[in-house]
Structures are given as structure tokens and as C-alpha cells.
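Chains here go by letter, A, B, C and D, matching the order in which they are written, and residues are numbered from 1 within each.
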């Protein structure tokens, strides 16, 4: 990687530093034990049950605890508010609760609260964001004793712990009743290590360490007392604020910006993993046109050979990003296949095209909704083998509309698996029969994927996923591109590390002494 | 109906001057010649025309004049600075962008896009606006009311939002941008055409045409329209400038010209994230835009000064 | 009345720089005005007469440059006074001014009261109440009824005549010693013109003011002015008393101008004199005499030598070489051949070519932003016929419906009731092309009647093209022939209207009207936008063409001297009705309707020995939206009785004249004994 | 008068309905609001569920009627994207836009009027030339680019004003400048030509003949007439500024209505888009109505007809 110091505007450095003198906001930093985090996208609610945004996930890891959580080191699902659990059968899970967990309002967590939370989620009326997913596997919840609940599943579902860990924070009995619920003083009544003291929708969320948090939680004793999440949609502003001390950390920094800014004094760069992968889906099923060139294997293979994934990953994605060869993130459970790789080879690509009957190429639209630079680089690669590509770069909602109505010949997209280190979240989501993202039209493959999702035995699951992934690679349904890398910019005073799944856990942050 | 009688007066300077600049034989210059004569003395017009000519040459012959292929990516040569700064090279005079494409070549090709969009959109606007204005002004009555309603609708919605919504929903492409900008910039033509038509309709030469048996269509097209040409021309140039700025704004907001086409607005948007560190990425296309638009505006103002004479009416 | 000078202008010049050259609007004129006198400055458009008026108080447009040896106004030199001194002490204080356009000369957004009183309170310590008192006094003086309530009104609520009265009152607020009236009546109807001139004359006498009256109308100046200065091309070419100048003109231009006025020579039907050529370019210096190129008496010396100003007596001067060699040639003499043969009186009336039968026309008009639609009856049961070969003059003031009638006759306006027939055919049933070949218009304003984007050749030939008459070469030949007919040189074929003078444009308009060989030509005030000398040319041309081409004219006009000159029969319109219609001689010498009488009285012929007659009509031309009940004329009629207020008069025929008046018989009887 | 206001009001409603139905249909046919509500990574079941739950599968007319019915009862609905009552959402964002629009208008007036007036008083002088070149350049500078240049300038060289956000009055200085500058050319030119026209009119000559001169002539005689067109154009300009200063708000990251509108468009947040359109249209029509009424007050010809 070639890194150039920002010479032409060296004085910019001084200027940006001068910004520090400005009384922007109450200063962040160790002086008042206050960590200010910049959010690019506004959060419209602090209740994780009603938000699926990534920002919501990051926040809820501070304010909420579920029965389980994802261990940042191993990425395994381990008990959190639960003391222990036991699979009574393939479809029956019993969970024992801790007895020292209290809500932010001081009341203790009881089995009633757990039952209430899950019943609320699977109730159609409640309209929670994760309801449909949970309903698909959870039949009912029942209280077995003061600290014991039982979950009755509709079918064997290995990812139940994942869902409980990521999607279902525990709520106090009656939270969503007319009378109960949120007030201005207490926007959220969770059991996490931080409590919400102020919530200004779309602008700011203020958290304070919850001193009554249960001592033997893996998340116990966070170092920093106050946390503020400020919504600053503009990257440039975030940079200026970071340099002037208005914020302590910014996330999702584009690599170019990270390169530039990290050379200024007073800024530290942190690179981290992300479980997100980028890929191109090709209309192998011929949804757009039964005669579509993409229905031919050789065309799909040609495209796989045409794209210079190494160069794109190295120069554009950068950081810890790696080229991926299969339809999943290598860190995910079950993501180990041995099917064919397609190295960059434009000559071979042209040859394959000719063999498929397109010596002069053909024209098609490539749809994309994020990382325009990469999309452009892909287009450039494809043009080099004689294809006439029209890049349709659109917003997500348009993208979805067209994708869901199966009107795309090819699209570049990415998927973060909701931070789940399991192939079911990537391969499963993309190749299930009912998935709008599935353009393979391969029913056998869909069956394999479903089978993997409903199998508890880890080895059997691994085998099924290998089978599916190899099939995808052989048929070249996808062009798997790369895994992402995350860039953080932070004040050097902050000590913080990025977990493997890419979802920051700010309760781990500390001030450097 | 209550017409004030035309009167003899030497109070107004205009009538002293009519007919303007008689020669010995009592004949003045023809309108075209007179306008050309004035044009030669109009500095703004000359400057504007000169700049435009140069830019038009660049736009027309971009493939031959640009040093590189504007689409050619070289990922290992990303964001080179311009030649005059440290690290710049003569190979890439104005540096490269975030995909390693030659910035100068993209700027030159960008002139093409701006001009195409400007001319295309302004023409579409002109066709819509002039037609509606002529119809509304000439026929009046409920047609005028209906057109007026359309105008109110058009004016009441913030035009940039409307354009954005349309492009967003229809999809991005050069054609779509041209049509959408054109279809939302006809009010100015309409208002001017309509009021001029209303005024012309009352003039006696229209009555004379009526009396000689011309059809309404003939009158509107053969008698009224030629008299609007000057004004339409002036509006056209100004609307070209407006359309170019609109396109740049749209592209800047990410709803205009699709990548990888080198639109100046898009280039500014792409350079924006790095604007504190690679400011040329933002400054250069902006200057190009500014020069093009100011040249068009100078030309437009000049054309107006030159063609709109202080005639009697 | 003292004989001391109140205003003495020496060597005044005005220059106006334009895009291409500098226009010398006034070229070193000198003038002298005695206290209590009225000086009339006459000249055609472009002669620079208004510039003098503006130059005296330095009110010229910002670009204009004024230079003068001195402008001595009662001891103070206005030529060298600063702007501040002029504004504080002279303008509106000692010199009042009235402008031509009453419609635009008052500020539309302020009330009459404010505009009147501020004239007094601006630079003097006068209380508002005092100023208002004076305003009310003056408004009454200028003949506005109910003056106190007028103060709250705004200009747009008043008619043109009323506004001009307000302007006069405003000019008089500070009892000025000198009143400058720049074409004060040109924009007004004849009856109002007479009223205003009478008022001015009256006030001047009463207040002992001096006055400068600037006008193009020789009739007006002959009645109102003590002394006259004649202007041509920025110079004063002749001065003297009104009597001297008008009865015994010395300068060939003055002579020529007078010959151009219809009715100057008394009898009606002879050819008018005319001045050939056009005014020379006012840019650059003129060598010798400016009039030389048009002068019938021109000799070589005129074109080169500096002109002598010849003094005939005190205040009686003219600027001319007055060459002996050509002493007996005058403009009139040039046309003596034509003059000796009076145009024949119409032979026995021909067949009816056009019949208007009971036509009514109503418009609905919305006034203002908040107004409701109201109906306006432009024509009320009008009947008329025109016979082959005659000239029917349609006379009336603005708003009387004469334009609507002519449009209806041309088929451009659908009547609500009644019909217009051309020969045997009703006009609405005729296809446009057929109608176009039978009836063609000539309009008032030659600047708006020709499409500025077409060449003269195109314009004249257009009717042929539209109606597909003849082949291309035939059309071309016809256009050339027509241009010859109307006296347009061949080389203007490819010129645009803007390149032509007003007279040439009107000739082109006539050519366009005649190229289809129509039976009837409707001339809608064809000369009222033209200068007198050009008017004469056009009138002559129209009469010549009638004889040559056997045409029938409907001649719409407000000018009775033109009617006198042109018409065989006359129809007088008032508020959308024809109130009198008959043979020209009958109508003009023994009018049957009081309105016709009043029109005749108001028409000011050139007679320096007469003054402006006292107005015979009260009030203003009414708003057509509020038609009076009964006889529409009754509010202004000096003879109105109960019956006139209640019943619409029945039409009747008296001495072959059609008339609509309850009092017609008594009136014509009275008139005979008058 | 009342009749006139009612007629205009009716027109406004008609316009608002037409436009809002237009947008509604447009979005209905081209985008999938369900995905917005569900989010980027949402699984299929969730999106389908939402589509059904919100009734996006019903005919467009039914959906529009539903929404309109709510509006008539004062219920503007809940934002799909923000999960908040639209009314509250708009209230929050409106403050920024109103302050920005008004201060921008002030900038326009403060620059354009004096410049236009002095240019008209001394045509062809250096002031006139300055005014005209200001107008020509301001017309040619892309608004967003001017904003970026100011940000670079003020972030780097003169860090006096903050370059983004809307927290304090200081945050409004640069955006107001940028937004205000965009309407300077139009207002300036109009002031200049309007005043020139008035000054060359007959009634000003009359006033001079009465002894008016200098500032008295301008203020007491000419200004009121010259104001008429300016009032109208300022109303239109203010209307456009209130109607979402999309560009300025984006460049300076201000949470105004313009950005809200853009975000809502991008997210197919139909209830918000609809309500905003309704508000923009009504604001515009009301402002032009107000301008007409002010003009009627200034000019008796309009007042009395």
C-alpha cells in the first residue's frame, strides 16, 4: 500500500489543529471521564427490539443484556443474564437465570420478565423488528420456577442462542403496556452495564455507567463512566470534531480518509476485522430472461476470472481485508470449502466468453448500492474483457425493489451477517429457496442450505455447508469478492480494540494512562 | 378596448431615434445587422463567446485532446497530486482521482457532459415552455387557466427536490437527467412567451393577419413566434447555464450522471471526502463549472443587450 | 400686464449621446418670453420642442447634456444654477409644468391629496391643512366636482381629462410665474382638449402667469398662443405673433406645414400640400439649412452657407436665405395642378356593399385583482350601410365603440346580436379567404401593424401567400406593382419595418391591404399616429388610390378636419350607438344631434383671431361600464330633459340625416336660427 | 377580497393534492418502502411481513385515500424510517430551516438591495459594474461548491465559524451566506432594473418638476413603486428557501427540512415525503398570496382594481 503524506495542504494540518481551540461541545476525553462516539446514521430509537440498524446493535451491547452474548474473543454464544442452559431436546431449551440481575430502575430480573419479553416479541401485535424471525422458530416460553424458563421451539434451530444474544434484550414485565414504558427521564429500562440518561432522537444519546450492574457478568466493571453517542452524518465534520476534541472515536472511516487523517497528530488509527463480505450475484436462474447469458456456466466463470479481486482488495478495500473465494466469511462457522478458485485471468475470461458464444461480449446492467468506487473498478474489469456494462448505482430501497422483483442481471452487494459468525447467516440467507437474494434457481442447493440450518450437530452442519459452498463455487453463481476491513479513528488517549466480528464493544474501552 | 390614442410626441427619445441611424437613402440597418454591429462592441458577449468557443472545441474533440482515456483505471496510481505540487508528474498534469484515472482527461470529457445536458435540457424546456406559453397566451380562457395551474404546481414544489425524486424513481442516466431537468425548467419560457404573446396578440399585425384569412395556427407560428425568438434565445442561454448547474448539483448529491461518466459535479462529490487533503479534486471541477457557466451567462446577457432594442413598443 | 421679459434663453443646446452617435436634439436656440404672455412652440415629432421645455428646468434624462449661454428667468440664471437651487427655489415653486401623458404622469401609488399637498409642503413651511385647503380650492378651480373627496382618490380612479386637471392644479399649487405645458392635450379626446385649453387660458388670465405651450397641433397653438416659435430639426426657424406666423408664414417649412393641414385652405375636397422627404439625421452637424433637402425653394447656397436670421420686426424673425430665384415656389404650388381640380363629389350613390344590421356586442371585463367580472356594452344595436365607392367616416371619441365596430365589420369580432352582410352574404358565413378578398383593414399605428420580423416584401405579399393566389413569380410581380402604387421604392423590398419611417410603414400597410383588391377598406385612424406632413401624404395617397382602384372606405377617425377632407358621409358614434349619420355637408354644417354640435365646436381649426371656445359640454366621456339610463348622452347634454333621462331616443330621419335624439327637431331648428 | 383569498386557497389545495398524489404514485411504483423499514440486511420473512402489515400490497388509490383520510383528521401518520410521528419530525427539522431561510433572506436583502439601488442610481458607474459582476459571478458559482470552498477556507485558514451542524448561531453564518448568495443575482438585477424603470417614468419627472431631488425623490416617490416587484420575488425566494435548502443543508450537515426530504426520498419514507410536499406547496402558495396582499397594500391599483 502506498501511503502519501498530505503535503499539498500541510498548512491544513495547522488549521485543523486550530479548530481545537474552538468551544464546540463540552469536551470529551479522560478529564471528565466521558467517551464521545460519533454515529454516521441517526438512531431513531434506543430500544433494540425496534431497531435493526448496526448502530442500534452497538448501543444495545451497552444498555442491554440478553440471556446470552457473543464472546468477543471466541465469537461463541455464552450465557450472560442466564446462569446456565440446557438443551432438553432438539426443540426444548431450559434456561436458568442469575439472581443478582437488576433493571436500571432497581427492580430485579425475574422469570416473568423473560417470559414477558419473549411473548411480546412473538406476539404479532407487538410489531417488533425481530418478531418474524423469532416467530419462525419459537413456539412458546414458559416459566418453570422463580429463576427458570423453558423455550419450546417449532423445529430444531441451532441459531436460537445467536438470536437470543443479538436480537432479544430483556425487558421488564409490562414495559410495553399503555401505562408503563419509557419516560423522558428513563428512555430505556434495560439491564446492561450502562443506562440511558438522555435520548434526543436523531441527535444524541447520553449514557451513564450503571453502578448496580451484576458483578460477575463478563461485561462487568467498564472503565469509562460516561458515554455520549453523537449523530454527525458528515464524514468531514466527524474528522473536524475528532481533531478538535469534540468526539473521541469515529467508526466506518473510509480507508482514504483514514490514511489522510491518521497522519495528523492527535489521531490514532485502528484497523479491525469485519465479518462483512462483498460479492456479485449473477442471474444464473435466468429470471430476467431465460436466454440470459448468465444462465451459461462459462459466462459466469468468465466473469469470475475477469475481476481482479486481489488488486481491488489491496488498493480499494485495504486494511485487513482479504479476497474470499466462497459465499461466506472465512471466520464463520461452516465456511470451509474446497471447491474451485477463479484467479484473475482476463485472457481466460475472454476465451470462456467466446466458448459460451459471446466472442464480442454482450451488454448488461450491474446494480449496486454501496462502495461505488469498487463497483466502478468492477465495471472497468468487465469492460476489459469486452463486456458492455451499465452501472446502476442506486439507493437501497430502489435496489431492493428491483432485486426482489428479480429484475437484476447482476448486482454487487455486501452482507454483514448481522455480526454472526455462522455460515447460516450468509450462505443460508442467500441461497434459501424463499430468499429474494437467491438468483441461482438451484433447488437442490436450497435444500442443502435449509438442512444445514435445521441441524443441531456441528459436524453434519459443516458437511452440508461444504457441499453447498462447493456447489456455488462450481456453478459460479456468485463472484465472491472480499472480506471487509474496518477503520476507526480515535484519540490516542483511548485504548480500544476491535473484536473479530467487527461489532465494537465500548464497554471494553479504557483511557490510556 | 379603451385604447389610448397613439400620439405624436417628441418627448420620448425613442421616437426621435426611429427609424434608427438612417443612411442617406433613409434606410437603417436591418435588425440582424444592427444586432451584429452592437455585438461587436459588447465586451461581455465577446469574452463569453470566446470562452465558450474554446470549451466547445475541447468538448467536441475531447477524445483527441485529452491526454488519457478518462475511464482508464490504474489502481496503483491513485490520487496523484497535480504537477505543480510535490509528488506530481508530467504524465498526469492535474493528477489522478481515487481510481487512478487522469483528472485532466476527465475534466475535458466532463465539458462534453455539461454541454450536452445544458443544451439538451434547455431545448426540452424551451419546447415545453414555448408551446404552452404560445397556446396559453394566444388562446387564453380555460386553456390559460389550466396552464396556469400547471405553472403553480411546478413552482410550488421545490424544483431540486422534484428533480431528485424523479431521477431517484426513474433511475440515473444522462438521458433521464436531460429529460427531468428539461421537464422541470420550462416555467421561465412559459411566463415570458405567454406575456409576450398576450401583448403581441393585441397588436395590429395580428389583426391584419386575421383579416387576411390566416388560421390561428398560422398566426401563432408565423406571426407571433418569430417575434419571440430574441427573448427565447436569451432565456435559452440562461437556462443552459441553469441546467448545467442543476446537473452538477444533482450529480453532487448522487442523483445525477451515473458513474463512471466524468461529470464535474460527480467529480466534486467523489473528491469531497478527501477535500481537506486532496483539495484539487474538489477545486478543479468547480473552477471548470464556474468558467463554463459564467461564459454562458455573459453570452446570454450580451445577447439580451444586443437584441432587445429600445423599440417603440 | 407688463412687457418685461420673464424668460430669456440664449443659445440653448441639448445633446443626447446614444449607442452609435450623439443626437443633437436642440441646436443653439434663443427665445424670449414676456410676462403674462403665452408662447407656443410648434414642431413635428423629433424637432426638439419638448427638450427645450425640459432643459429650462434641467429635467432632461440623465444622459442628456445641456449647454446654454444663459437662461435668464426673472433675473436668475437657470443655466448655471445648481440642482439643489433649482429644486429648492424654481421647480414647482416659480415654474410649474404640465406633461403630455396624464395617465402616467401622476404617481399611481399615492393619493391625489398627497401629491398635491407635497408640492407645497416640500420646501416651504406650510401646514398640511393649509396645503389641503389650497388643493381643494384649486381642484374646484380646475373644474373637478366634489374636490374635497378627490383628495383621497388615487390617479387610476380618475379619467384622463380629470388627471390632466389634477396635473394643472398641482402645477399651480405654489402660484408659479411661469407655466410650461408640454403637449397638455395631445392624449385627450377633442371635447376634453377644448375644455382643458379653455381652462388653461382662463387660469392664465386670472393668475397673470406666463405660459409656454408646446404642441404639434397648429390649430391648438393658433387659438391659445400670443406668440409662436416654429421648430424644425432642433432649431427655431420662425418666430412672431400667432397672427403673423400663421397668416403670413415666411419660412418655407412653416408654409409647407400649414398647407398640410386639412381645412387650412378652407374648402374641403382638394389635395393637401405635403413636404417631401424626411427630417435629416439629427446626429452630427448640419451644414447650411437643415430643411434644404426638402425645401421647394432650395438653391445651392442653402446647402453650404450659414443661415442668416432675418428680423422683420420686434420678435418677428425667420431663418432662411429666402432666395429670390425661387421666391414664387411654395410647397402648395408644387401641387397646384392637383389643387386646381377639386376632387369630384361622389356621383350618384352606388349599390350597398356592406350592411350592418342591429349589431350589438358585449364584453365581460374583470377589473383589478379582486374585482368581479362585469359586462361592458361596446356596441348597442348599430345599423349602418356603405355604398360602393364612397368614403364613410365614423367619428367618435375614444371608448365610443368605433374600433369594436370596425372589428365586427371585418369579422374579427362576433356580434351578440345583429348581422353584418357583405353584398348578399352574411359575413359570418363567409370563409376567411373570401372575406379577406372583400374587406381589408388599415390600422392606426404603423409600428404595431407590421410584423417587425418580416421584410416589407413579405408583409405586402403575405395575403397572396396565405390565400394561395397566383404563382410565386406572379405574386412577386404583384407586390412590386403594389409598392409602386403606394409610393414605396423598390429597394425597401428586403428591408424590415424598423428601417422605415412612419410614413413608409403606413404605405406598406396600405399596400398589404390593397394587394387582394378588396372592395372595402377599413381605415382605422390611419393617420392619427403620424406627423401632419406625413398625414397629408397618406391622405392624398388614400384618395388617389380610391379613384384609381375604385375603392370604398370606412374611415374611422376622431379628427373632424380629416372627416371634412375625406368623407362623403359621416356617422357619429357615442357610447356604442350611432347618434347621427348623414351626408358630410349636412352633418358638418347643420348637425342634428347636440353631441355632433359639441364635437364640431371642440375641433380647433387654425384661426389665430379666435380663442378657445367655452366648452359646450359638461362632464367627461362616461365609463362604458356604467351606461347612463335613457339617452346615453343626457348627463352631458345641455338640452337634456326628463324624457331624455328616462327613455332611449327613437331613431328618426331628418333632412336625409339619421339621428337619435329626443330633441333633434327642436335642436336643429334652434341651430338654424343660431 | 375575501373571495380572492378563498379562490387562491382553493387553488393551493388543488395544487397540493395533485402534487402529493403524483409523488405518492411515483414512489409506490418504483420503490419498496418495506425494505427501508426492514433494513438492509433484513431477512425475507421480515420484509414480506412488513409489506403486508403496512398494506403496501393494496392498490395505490386505496393507500392514498387512506393517507389522505388521516391527514384530513389531522393525522399525518408515522414515518416509516424514523418510526416517529411525522408532525413531530417536521417540527424538529423546521426550526433549522426556518432560521436558515430567514437569515439567508436577510443576507440576500442586505447585499442585493443596496447594491441594486446604488447601481440604478448611477448606471454605468463603477458601482453598477461591481453590482453586475457580482450578479454574474454569483449566478455562475455552483452553490454546493461555494459551500465546500467556504468549508475548506474556514476549516483551514480562518477557523472563525464552525463548518457544519446547527447547534449555535455561529453554525448558521456560513450556510446563510451560501444560501443567501444564491438569490442575490435575481434580487439585485430586479432591484436595479425596477428602480431604473421607475426613475425613468413620467411620474418621477413630474416629481422632479415639483422640486423633489436626492434621497427624498428616491424614498418618497420612487421606492414604493420599485418595491412592488421586489416583494414578489422575495416571497418566491423565501418560498424556495423554506422549501428545503437541500444543497446547503447537505453541505453543512444541518438537520433541516431539505435534508429530511432528501433522506425521506432516499428511504421511500412516503408519509414524510407526502407531508413535506404538502407543507412546501402550502408554504409557497401562502407566501405568494402574502406577497400579493402586500403589493395590494402598497399599490392602490391592485387594491381597488
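We take it that contacts are C-beta pairs under 8 Å (C-beta built on N, C-alpha and C of every residue); 3 or more make two chains touch, one makes a residue touch a chain.
Given the structure is predicted, the values throughout are model-derived calculations rather than measurements.
The greatest centre-to-centre distance from chain C, using averaged C-alpha positions, is reached by A. When the C-beta pairs in contact are tallied for A-D and for B-C, the bigger tally goes to B-C.
Here the spacing of chain A and chain C, counted between their Cα centres, is 88 Å.
Measuring from the averaged C-alpha position of chain A to that of chain D gives a distance of 39 Å. A separation of 46 Å divides the Cα centre of chain B from that of chain C.
Chain geometry summary: the mean Cα position of chain A and that of chain B are 47 Å apart. Across the assembly, chain C contributes residues 54, 61, 99 that each touch 2 or more other chains.
Residue positions of chain D with contacts to 2 or more other chains are 30-31, 151, 155-156, 266. Chain A has residues 9, 12, 16, 236, 395, 398 in contact with two or more other chains.
Every residue of chain B that touches chain C in the complex is listed here, in rising order: 1-11, 13, 15-22, 25-31, 38, 41, 203-205, 207-215, 218, 223, 226-227, 229, 311-313. By the touch criterion given at the top, residues 71, 73, 75-76, 78-79, 81, 85-87, 98-99, 168-169, 171-172, 258-260, 270, 272-280 of chain B touch chain A in their complex. By the touch criterion given at the top, residues 1, 3-4, 123, 200-214, 216, 220-221, 224-225, 292, 296, 298-305 of chain D touch chain C in their complex. Within the complex, the chain C residues that touch chain D are 54, 57, 59, 61-62, 83-84, 87-88, 90-93, 96-97, 99, 101, 104-111, 118-119, 122-123, 154, 156-157, 167, 170-171, 367-372. Chain C makes touch with chain B in their complex at residues 16, 18-21, 23, 25, 43-51, 54, 61, 99-100, 103, 160, 182-183, 186-187, 216, 278, 281-282, 363, 365, 376, 378, 398-399, 403-404, 407, 410-412, 431-433, 435-436, 439-441, 443-445, 447-454, 462-463, 466-467, 491-492, 494-496, 498-502, 504, 509, 512-513, 516, 525, 528-531, 558, 624.
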